[in-house]
Every structure is written in C-alpha cells, then in structure tokens.
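Remarks on the structure that follows.
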Amino acid sequence: MDAVKTIPKADLQVNIGGLPLRNPVMTASGTFGYGREFENLVNLHRLGGIVVKGISIQPRPGNPPPRIVETSSGMLNAIGLENVGIERFLTEKVPYLKTLRTKVVVNILGDSLDEYAYLAEKLSGHEGIHALEVNISCPNVKKGGVAFGVDPEMAKAVTAAVKTATDLPVMIKLSPNVTDIASMAQAVEQGGADSVSLINTLIGMGIDTSSRRPKLANVIGGLSGPAIKPVALRMVWQVAQAVSIPIVGIGGIETAEDAIEFLLAGATAIQVGTANFYDPQATEKIITGLHQYLYEQKEICVRSIIGTIRLGSST
Amino acid sequence: MPNFQEKALVQAHEQLAPDIFRLTVHSPQIAQASAPGQFVMIKSSNTSDPLLRRPFSIHDVTSGGMLHLLYKVIGKGTRCLQNLSPGEQTDLIGPLGHGFQFSVQEPACLLGGGMGIAPLLYLAKSLQNVSSPRQDHQILLGARTSVELAPLVDDFQQLGYTVQAATDDGSLGHHGFVSELLEEVLPSVRTVYVCGPHPLMAAIARQCQAADVPCQVSLETHMACGLGACLGCTIYAPDKSYRHVCKHGPVFDANEVLWTL
Amino acid sequence: MDAVKTIPKADLQVNIGGLPLRNPVMTASGTFGYGREFENLVNLHRLGGIVVKGISIQPRPGNPPPRIVETSSGMLNAIGLENVGIERFLTEKVPYLKTLRTKVVVNILGDSLDEYAYLAEKLSGHEGIHALEVNISCPNVKKGGVAFGVDPEMAKAVTAAVKTATDLPVMIKLSPNVTDIASMAQAVEQGGADSVSLINTLIGMGIDTSSRRPKLANVIGGLSGPAIKPVALRMVWQVAQAVSIPIVGIGGIETAEDAIEFLLAGATAIQVGTANFYDPQATEKIITGLHQYLYEQKEICVRSIIGTIRLGSST
Amino acid sequence: MPNFQEKALVQAHEQLAPDIFRLTVHSPQIAQASAPGQFVMIKSSNTSDPLLRRPFSIHDVTSGGMLHLLYKVIGKGTRCLQNLSPGEQTDLIGPLGHGFQFSVQEPACLLGGGMGIAPLLYLAKSLQNVSSPRQDHQILLGARTSVELAPLVDDFQQLGYTVQAATDDGSLGHHGFVSELLEEVLPSVRTVYVCGPHPLMAAIARQCQAADVPCQVSLETHMACGLGACLGCTIYAPDKSYRHVCKHGPVFDANEVLWTL
C-alpha cells in the first residue's frame, strides 16, 4: 500500500485521435451525469476525461419507470436517453465543466444524419468542449427505426456527416449488438472517425414472474457492468486488429486490472461506466493502479503497453 | 449539499424481529451532515453480485458520529448485510436527497408502515426544536405483526410521544391498516409526514388532500447511484413529467406525485 | 417449504416439435457430459431431457489448456468441442443413456453440410436417441471458417441437410453473436427446423495482466452463466415473435424463477447449462419450483403460461 | 466411484498463519468414502460471484464424519470461505478424482510444498496400514516461512514421523527449496509422493526419473465441475494427448505427465 505512494510516477499521457489526455481514464456517457454529480466524491481534475450524458437537440424526458434492474454482476437500463437538450447543456452545464482541468467529451445522439450534424456544429468552438463521442446505437427514424450502429453504411454516413460539421476530434461509439464488430469499426474509420469507443450496452431483458410483466417499462434495455466485460474485451481486441485509429475500451471496467486488460488488447484509453455508481472512486483507483502496474512491469510510459498482448504458445 | 463516501465500522447489529435488523455504524461525516428523510447508499458486498449499492433511510443519528439504519431482509443485498459483525467495515455514501421539510403548521402526524417507520424516528427526534409539545403530535405506526412493531413503538415512546399502533394480525394495537387510524386524528393535526408502502402512501395522500392537510411522503424506487447521475429513479409528477427520487426526493409533497393506484 | 411437497402436481408435459417431454427442464450440451457423470448427484429419470456433449464424426481432442476461466457471474470456455466421436458415442454412451427414463437429445457439430448430414443419418433409428440438436456455431471450413450460425443462408442450408438425413425431431441451436437473431430463427424455420434452441455462448475473452497472455490458450472463448441471462431472455422473446416453431430457452438459467422468465417470454422448454457445474441439483429444484409457481398462479398446466408475458402499461 | 453432494456444518475454522486456514466440516458421507489424494468441490458463496465451486484436497478425515481442508487465501473464492463460522453450512461435492496409489515399494518419501502439503497429511495417516515403520518414511515439507510451516510439521510429528522442513527465508529447517532435501534422501526411498507448485513437481519428477524411483504427483488445474463433465481441466500427457485432472487425476504417475518447464 505504501509502495503505491512512493513509486515513481509513469507517463500516462495518451492521444485519442487528436484529443490529448493526461491519462487514459475517462468516465462513460450516462454514468457520470454532467460531472458535477460526483464533485464531492471524486477529484474530477485527476481524470483523463469526462464523457457527459448523451445530448440531443431537444430535451428528452426519457422512458417511463421502472428504468433500471439489477442483474447478476450487471444492470439493465432503459433510461431512454433523458437529457436536458443542447441549449440547456450549453448554458447550464458547460460553465461548470469549463472550470475542470480535465477533457470534456460530449456524447451526442440523433435520429437522422441532419440531427447529428446539427449537434456537432453547435457544440464546436466552445471553451470546455474538447471532443465529441457519437452514440450510433440510436434508431434511424428515416430507415424504419433500425439503429445506425448495426449497419456499416449508415454508421459510415453518420460519421461523415459529423466530421463535416465540426473540427473537434470525433469518436464513434460502437454498438456490440452486431455480428461483425470489426467491419463496423472499419466502416466508421472509412467515414473519417478519429477514434472508436466500444462497447455500448448489450441488449437484454428481465421479467417479473409474479406479475408476468417486463422488469423494465421499455421491455428491453441495455446490459452493463462486470457481466459484459469479457464480451467488450473480445470486441476491442478484434477491432484493434482491424483499424488503425485509436480505440477507447468500455464495458465492465472496475479495477486497474480490468483497465490494463483493455490496454493490452489494444485500447489507447478506457471509460469507466457502471462502476461509478457502486464505486465512485473506481477511476482514481485505476489511475493509481496504472502507475503501480507500469512500475512492476518496468515500463515508464503507458503507451508502451498498448496492444502488447502476447499471443502464441506459452511454453 | 455535501455528501461523503465513508468507510464506516459496524458498532452494533441488533436483530429486532426475524427479518428486521438495526445496524449502527460509526460514520461521523455522514452523521453530522444528515437531516431527517435523507438516505445513504450502502455497499452490501465485496464481489460483483450483488453489484449495486442499496438505499436506506437514515433511521437515527446519535452522539459520537453514530448512524443507525433499520432494515428488513428482502433479497440478496439485505441478506449480505445481515452477515456484518461489529468491527467489520461498511462503505456508505451519504447523506443523499432531500429530506422532510419541517412544517410550521402544527401539530404533526407521523405515520409509518413497515420499514417506512425507519426515517420517522430521526424525524420525531428532530421535531423537538419546533413549538408543540411532543404529546400534541400523533405517531401512527403499522406493521404485519407485534414482534415487528413493538421495539419501534418503544423507541418513539422513549422520546415522549404517544404512539398508536396497528397490526395486520391484531397482535398489537388496532387490528387493521394504519391508514384507518388516521381518520380519527386527521381533524386534529395540521401536517402529515408519511413513509411506507406505495399503496399506503397513496391512500394517505388522498385522505390528506380531501381534508386539505399538507402531506409529505417519502418514496422508494430502484436506484443505481443515488447521486442524480444514472437517471434511473424516476416517478411521475401529476403532469406526467418525471421526477428523480434520489435528487428531488425521496421526500415529496404528496401533491407533487402522480398516484397511480 | 412443506407446502412444496403437498401442493397438487401440475401437468408439466410439453412437446418440442415432435419431441414429447415429461417436463420442460433439460440439460444443455457440454455441461452435463453424457449424463452418467451426474448419476450420483441428480435423479436423471426426473429430467425432461438430457442434451449430450456435441458429437462429431471423428473424435476431437479439443483445445490446449487453459480451457476455462471464471468471470463475474459467468465463465469462459474454449473446450474446442472435445468429444469421443460418433462411433464411441454409439457403442460406449448410448447403452447407458438407453436405460434412462428421460429423453436424450444428441448435439451434433460438423464443418461442412455433408458432415452434419452424415451425423444425422448415423444417429437415426437408435433406441435411446430421441432428437438431434444442431450446433451451428461451428466454422464452415468451405466458407473460409465463418460460422454457419451467423449467416441465415448457411444456417438454413445446414437445417435442410440435417432434416433430409433424419426422421428425428431436429432442434437448431442458434448463436447469439449476430445482429438479428429473429432472422436467423426464421431462416432455420424455413429450412425445416422442428424447433430452435438458444442461446449458445457469447464470444468473450480475458487477459492475464502479469504475463500479458490471454487467459484461454484459444484466446477467445464462450461466455456462459448468469451473466448472460438478460441477453438470452431478450433473444428468446424476440424469436418468439418471429417464428411459430417451439423455442428452447438457454442461458444462465439457475433457478425456477429464471426458467419461468424464459417460459413467459415464449420458450416451450429450457436447458440448464453452467449451473449444473456449481449446483447439480439446479434442474430438480427447477422442476419442483415450476409446480410451486403454477400452483401459486392458479394454473394447472405449464403450457398455459408459455409466452404469457404481459406487455402494455401496468397502470 | 460414489460421490455425494452434502450440506456440511462447519465444526471448526482455525487460522494457522496470516492467510492459511484449516476448515473442519461435518460431512459423514464424503468423509467415509474418501481416499488420500482425492478432493472436494466447495461452494464459496451463495451469490453468482464467485460463481464456480473451488477444488480442495482432502487434508484429513477424523472420527465422527469430520472432513478437514487446509487452504490458503488467494482470490475471491477463498476470501469468501474465510468468513465461514462454526455452525454455518457449506455445500460440498466429493470425494472426487483418483487419489494416491499405495505403493508396495517402501519406504516412501512424502514431499509437499506450500498448500501441496494438504493431501499428504491424510496420506501419511493412511500409510500406517502398510509394512514399514513410520520412522523409515521420509517427510519433506517446504513453505515460504516458519509460521506457515510449523503447525503442519507438528501434525506429521504427532503421527510419529520424522519431518525435514525447508523454508524460503530459512526461518525453519533448511534455507532453500524443499527439492534440495530430496537429493539426500532419494537413495534411501523406493517411492515418492509429491504435491506442490507445478515447477516444484516438475523438478521432483525429473530427479525421480533420473534415480529411477516411482513418483506420484498431484496436479492442479482450473476446474468448473470436478465431475468429468466440463472437460475444462486438461493437462498434456507425454504424447501430447490430453488428460482430465478431475477424472484421471488429480494424482498421476509423474511419467504420465508432460512437464513443460
């Protein structure tokens, strides 16, 4: 324990496709509010980055309750993308975010290419907004409600639309509910994405047997937490072999060990999601744990371990 | 409002009834900042199952930074809590949410059903600072059966209150619902604080509205964070817009809630 | 507890596309060996059915170790389909299985349509073999190693090939690693499947951070256990809306409550997998729990609850 | 071979060293059927995390159906076990696997490193039925440091054996590896039973092969079922074919194992 404090600090800086971070530890969209919710519990200045709750053009009320259910080592949510809308975000949330010495990434969502482009443009050129993360797990209303994120062509088109509308670094957040995650990543790379983040939640469901009703009013919801970590890690590893843009790993990350698994698999940074709820200190512990790991592995820089999983026979 | 994450040592863990426990932890920061009706989120396990923290009302705060919780064993989280022994560490976040608003309209009625009694003890203690003598207030407590209720009735009596009890099986006090006791006392009180199962609170809210007596209710919903971050803890306001129980509540004016039963 | 013993027994019989079962509780392939491994711990005669470990034409040695890793509320396996091959299965395993008063379903796997057809034919007409379950999560070597189970056309072709080769009821076991599980189910229904079972494992991965090596020698493996239950349940519900053949629900089922969720979502029967390892009594407890639930719900027949999830507003 | 699932009450739970415990449970069916070198699968938690049972060697069997396990706290499963108190219930499956084959070639050397000592106590007790007097056998035990080893050395001595100890830090017996003690005694023994970390067993296997002394080793692999059903617990035989530790082992003839170090 004491050793943790006295070890030499490693260089933790990384660059996510034009977004320089002091360390690779970010918070995931929808799990950290607009940052301020955690100001008493986390040293926000110490984080690599904060990704805020997904923002749409109009405020969204979200889904009816119940919206969350606990599952084995995970949770289902069907928040329904409740958010304050871009106007209130800019006037009410950005002033506080601006005071933080950490990078702020704004997660955006829309139901048409135009909406995504509009949001990207409106969010550009503000002090305190350093990058965009594009949630493409939303239904495309013009294409019968199929999610942008399950069709390579649609995903590529959203990426291109956002890239044209902004100079900010653009991170595309991939949905895991697809047959071939690598080809989705390749499509958005071709669309001009500066980086990809993955995974968003797996689609799941629960039923209350005594009432025979779905446990979520929305029937289906997104599964997150430690339960999904093995799937997320596999997808990050597959994507790392398919694209050359930086990857941000997300999914069930709770400890430094979890975070390091994603870095070894090829992620340049990671986001902590559900763990913020039950262990608000998770991000800070991961930063401390990264220094400790690099020291033990005789590395002085976090960039030297990215993608260094050792394959091939162990004997 | 400040909140804290505190590693709190268990000081005492008392079994009041077969599945009801009172947990006392040393949590000076949270205790010091707490107001009646606020709650804490407690980690019930060191592994990933159960995963989420569990919300519990602040049952009492006593000298030396002691925080008391009163809980019933329901599912896996509370089953894990049950195993805590004095000297072990728990991990709490709190105080959270908005508690009861002290009303200047007195005397008050404090009405609790089941584990809804938990926050009322701390509230009852805190009422002392207000004008009416304790005997003027009405304490109405309901539970399934005597063993679950008797120790709590004692606690309120020791504070100098007169308590009326109701049990489903008639083993203590009135044989029936605690809401039935309210009819009698309603004409003589000028504010009602209530916590209990949703149908009970809905019934009380209706009675109070009919009698034009202000009523505050403490609501429960599933919560992932307790911090206003997950947006999971919604209820409906009368205009069908949403409120977040962990942030706007858990205590609401009964008129700000859409009662759906 | 005593009540469990004295309640009137409900009618638990179901029919899975021509395979009549005394109750809807089966064991999942690869998690119950060839049945005999559990003879001291489970009353095998009480089960609805036993699905044996996947059988191929030739014996398969399987993957190098390590083959299993525990994860949060789940496990990863990369057994590599180790099995004794069809000849030894028929001579060494069937004689014992024949003595059981429960239905035996043989899970088959191959790397070409011909292999599947060959196995189906060879397994037909034996006393003690009551149905086939076709594992289509295997790579099709003629199509560059893409799994049969991720392409609707290939899945349909395997189904048709197997159906042509046998008179036994044919259950097709779907892979969850697809964008659209409903269209996979529809494809195999068109191919002539008598029923579908789902889900097989989700693909996952783990990395040992100190050695930087994958935790499985095979790098990736299949995630199973309670962690995946929400995903499995969602897929069963989606498939129930898309096909009219019976569905067998699989994935993280451990308790009667879990099993009932799948029945309410539309499954006619369920399979218990990973839970057999840590709770060999799981299947028997589920059967007991089904009687209890039906009693409480005032139902006298398990068939009356299948697919009876109540949607629509709860207020 | 019969095996049982038994709900076994904890009779005693002794801490031998900071992270080493001896757990005694009342498990009459399993105890009665056990042979030295066999193991049990124990459920370490009532929730889904940790999910799988954990394998532990049968350390000892005593009268009244008592089964003893000796374990070291490693990760989440053993951390959960640690919390078991006398009177609580555990859930065991056993006895599992093939244990040690009693060799008629005597005297024997029992060599254990770390928690590998666990199965050797029961083996040592059972050797009594064979011809050589206990003093003729050699017991070689190794561990990191004295506190971990001393209580175990005592146990073997109380059975009438002479024990040679080795510790990594020299705090008890030989300062160095227990394998170094084998060189001296190897000429005087005609069979070797060994359990310990993989590299230790590989070294001993080599020494024994060179000296042409039969050697039995007890192996560890990750296990999901312990029953031969999951096929997860494979090791390589010398011809690179696979063996399943829970079924063919955990005890193997050292020549039937491909040593990969």
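Order as written gives the chain letters A, B, C and D; numbering starts at 1 within each chain.
In this text, a residue touches a chain if its C-beta (ideal position, glycine included) is under 8 Å from a C-beta of that chain, and two chains touch if they have at least 3 such contacts.
Predicted model, so just to flag it, every value in this text is computed and none were measured.
Shared contact partners of chain C and chain D, listed by label, are A, B.
Each chain gets one centre point, the mean of its Cα atoms, and the points for chain B and chain C are 46 Å apart.
We define each chain's centre as the mean of its Cα atoms; on that basis chain A and chain C are separated by 34 Å. Here the CA centre of chain B is 53 Å from the CA centre of chain D. Each chain gets a centre from the mean of its Cα atoms; for chain A and chain B, those two points are 36 Å apart. For chain B, the set of residues touching two or more other chains reads 47-50.
Across the assembly, chain A contributes residues 72-74, 225-227 that each touch 2 or more other chains.
Taken as a contact graph, with one node per protein chain and an edge wherever two chains touch, the assembly is complete, since every chain touches every other chain. Partner chain C is touched in their complex by these residues of chain B: 47-49, 260-261. Per the touch definition, chain A reaches chain D in the complex via residues 72-73, 226, 315. Looking at the complex, you find that chain B touches chain D at residues 45-50, 76, 79-80, 83. Per the touch definition, chain C reaches chain A in the complex via residues 71-74, 76, 150, 177-180, 202-207, 209-214, 217, 219-220, 223, 225-231, 233-234, 237, 252, 257, 260-261, 264-265, 293, 296, 305, 308-311, 314.
Contact residues of chain C toward chain D in the complex are 30-33, 37-38, 40-41, 53, 61-62, 64-70, 72-75, 77, 79, 82, 225-227, 254, 274, 276-281.
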